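Per-chain residue numbering starts at 1, and chain names A, B and C are given in the order in which the chains are listed.
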Amino acid sequence: MHTALFTIPLWLDLTAVAIGAIQGAMFSGRLKEHRIDLLGVTIIGVVVGLGGGLLRDLLLNVPLALIQTNWYLIVATVAAIIGMLLQRAFARLNPLIIALDAVTIGLFGAIGTTKALSVGVPVVPAVFVGVVAAVGGSILRDMMLNLPIALMHVGSLYAVAAGAGTILLVALAAAGIDITIAGLACVAVTTLIRLLAVRFGWSLPEQRAIGSWMRWRRA
Amino acid sequence: MHTALFTIPLWLDLTAVAIGAIQGAMFSGRLKEHRIDLLGVTIIGVVVGLGGGLLRDLLLNVPLALIQTNWYLIVATVAAIIGMLLQRAFARLNPLIIALDAVTIGLFGAIGTTKALSVGVPVVPAVFVGVVAAVGGSILRDMMLNLPIALMHVGSLYAVAAGAGTILLVALAAAGIDITIAGLACVAVTTLIRLLAVRFGWSLPEQRAIGSWMRWRRA
Amino acid sequence: MHTALFTIPLWLDLTAVAIGAIQGAMFSGRLKEHRIDLLGVTIIGVVVGLGGGLLRDLLLNVPLALIQTNWYLIVATVAAIIGMLLQRAFARLNPLIIALDAVTIGLFGAIGTTKALSVGVPVVPAVFVGVVAAVGGSILRDMMLNLPIALMHVGSLYAVAAGAGTILLVALAAAGIDITIAGLACVAVTTLIRLLAVRFGWSLPEQRAIGSWMRWRRA
């Protein structure tokens, strides 16, 4: 299924990068016990903003968007510095940041999956690339900070939200729906699942749970 | 030395991926103290099954096998879920799993090195690519779980087994031996070294040992 | 700005790789409590020597220099083994190693940025690629050893030194200066900043510092 790239305006892509970078810098700025210096906080911000797109392009073996223009690095760096300096102010806007972040995951997922489809990747790896694009920045962040990867631990539905959205996108595209509409549906579903998960404290069962469930069934 | 690709049947490659994914899921499933959720266990399974091939293709700068067809991700995901659900059953089959795993390392090494040779990579980096393909999944696993990388610590002869096998492959290929036979020899030698290492508890000397040996020589 | 590649002689590039590998092996050789085996020490040496160039070529989506010839892996491996065996001897040469290391960062940065410019990368990402080439080996080292990434913590001016040098290179190249001279200027500036930072104990302010500075301003 070769499909036209879901052309997202550059300003919208850069907005997603900026929100990611602000969040990343705020996150690492709270880790006082790590004694991270100013450069470290900025680096983490840039990694969160650009890491997903970096992994996406490496998986697709295409030229990295990140190095095709000056804008990505400039926007990510400036946003990371702003996030670091205005931590206190942004902390008060936390609900807004969470909402924007949910939209960002949806956007990164939609861009990643449509970019994969547009270079001829089959549907299953196209969903995989979209999910990696959506959550890759936070995985790299946790690996660089020596933290347990949030994604793999109880309490996170990031990847599930991105997976649901990108699967919907692929299904709609396969059904002949216009790719822009499929992309918007992906963003909407991902955002909704993520916000509901935050609101109602949804999480995946811990693996222990399955163990006890199986013991219970056998009892 | 350009040589025909050691064409391994897709079903055999997928079998190796599945064994890796089962092992990976079983391994992370035992880490109860990490509070990894079901998704995390599945991710680690997929990473162990597909990580070596991913790093191999990144090193070779070729399109990733992983995203060329739906099969790799489907097989790895299903195998990881099976490994997670049937932990107890598989634990009883441990000797079988260890044997299959040794064969898997040999297969990944043989596929990696011949793929490298087939795109014109010189012999030393071809061996390097084969070893990375053989052990890359377990390195990524340990980095994502914040564990010391098993490969670099006392008690593991994984990389040595893969190195011996792939060096033999390159030597046989240089001597004009048919690539399929060279590949089988690689798998046999790697499997044998790995199994003997497990059976007799072989390990590399810890670096401390060299220190004392040098002090002893000077004494 | 397409510019001719700053052609660095292969022997000079390999010398930089060797110094990095020696340093990497000496560094991990000192981590007695990690119980790293001889293979692990060698691996870390190779990673420090070759990691920056590896990340550079992945970012540029070009064939990896590392696998184009046998020399890189042979030199890095031999240097890592020498670094491991002669730890005590090299420890006495510490000032020389620090000086050579500063030159090495400058060389990696200059090679990385000119390689990026030569394949048509804009100036901001070209600087980014140069800095990653200069510090990438040490980032990979710390991630593989489960250590806090030195680069992001108080006390390191590695990245700043590399950034200043590569920005100068880009500015000189844009002004029409011969690329060899721009490259030498980059190496000189990077080396100087790094050595002055070591000599005078310069470091970036910890993020806490900004917090107190802002509180002070408001008081």
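The rule is simple: contacts are C-beta pairs under 8 Å (C-beta built on N, C-alpha and C of every residue); 3 or more make two chains touch, one makes a residue touch a chain.
Since the structure is predicted, the reported quantities are computational estimates derived from the model, not experimental observations.
**Q** Using just the Cα atoms, superpose chain A onto chain C and tell me the rotation angle to the nearest 5°.
**A** The C-alpha superposition of chain A onto chain C needs 120 degrees.
**Q** For the homomeric pair chain B and chain C, should the interface be classed as same or different, according to whether the shared residue numbers exceed half of all numbers used?
**A** On the two sides of the chain C and chain B interface, the residue numbers are mostly different, under half being shared.
**Q** Once you find the CA centre of chain B and the CA centre of chain C, what distance in Å lies between them?
**A** 29
**Q** Which residues of chain A are in contact with two or more other chains?
**A** Residues 58, 61, 143, 146 of chain A touch two or more partner chains.
**Q** Any idea which chain A residues touch chain C in the complex?
**A** Counting only chain A, the residues touching chain C are 29, 32, 34-41, 43-44, 57-58, 61-64, 66-70, 72-74, 84-85, 143-144, 146.
**Q** Give the list of chain B residues in touch with chain C in this complex.
**A** 58-61, 116, 121-125, 128-129, 139, 143, 146-149, 151-156, 159-160, 203-208, 210
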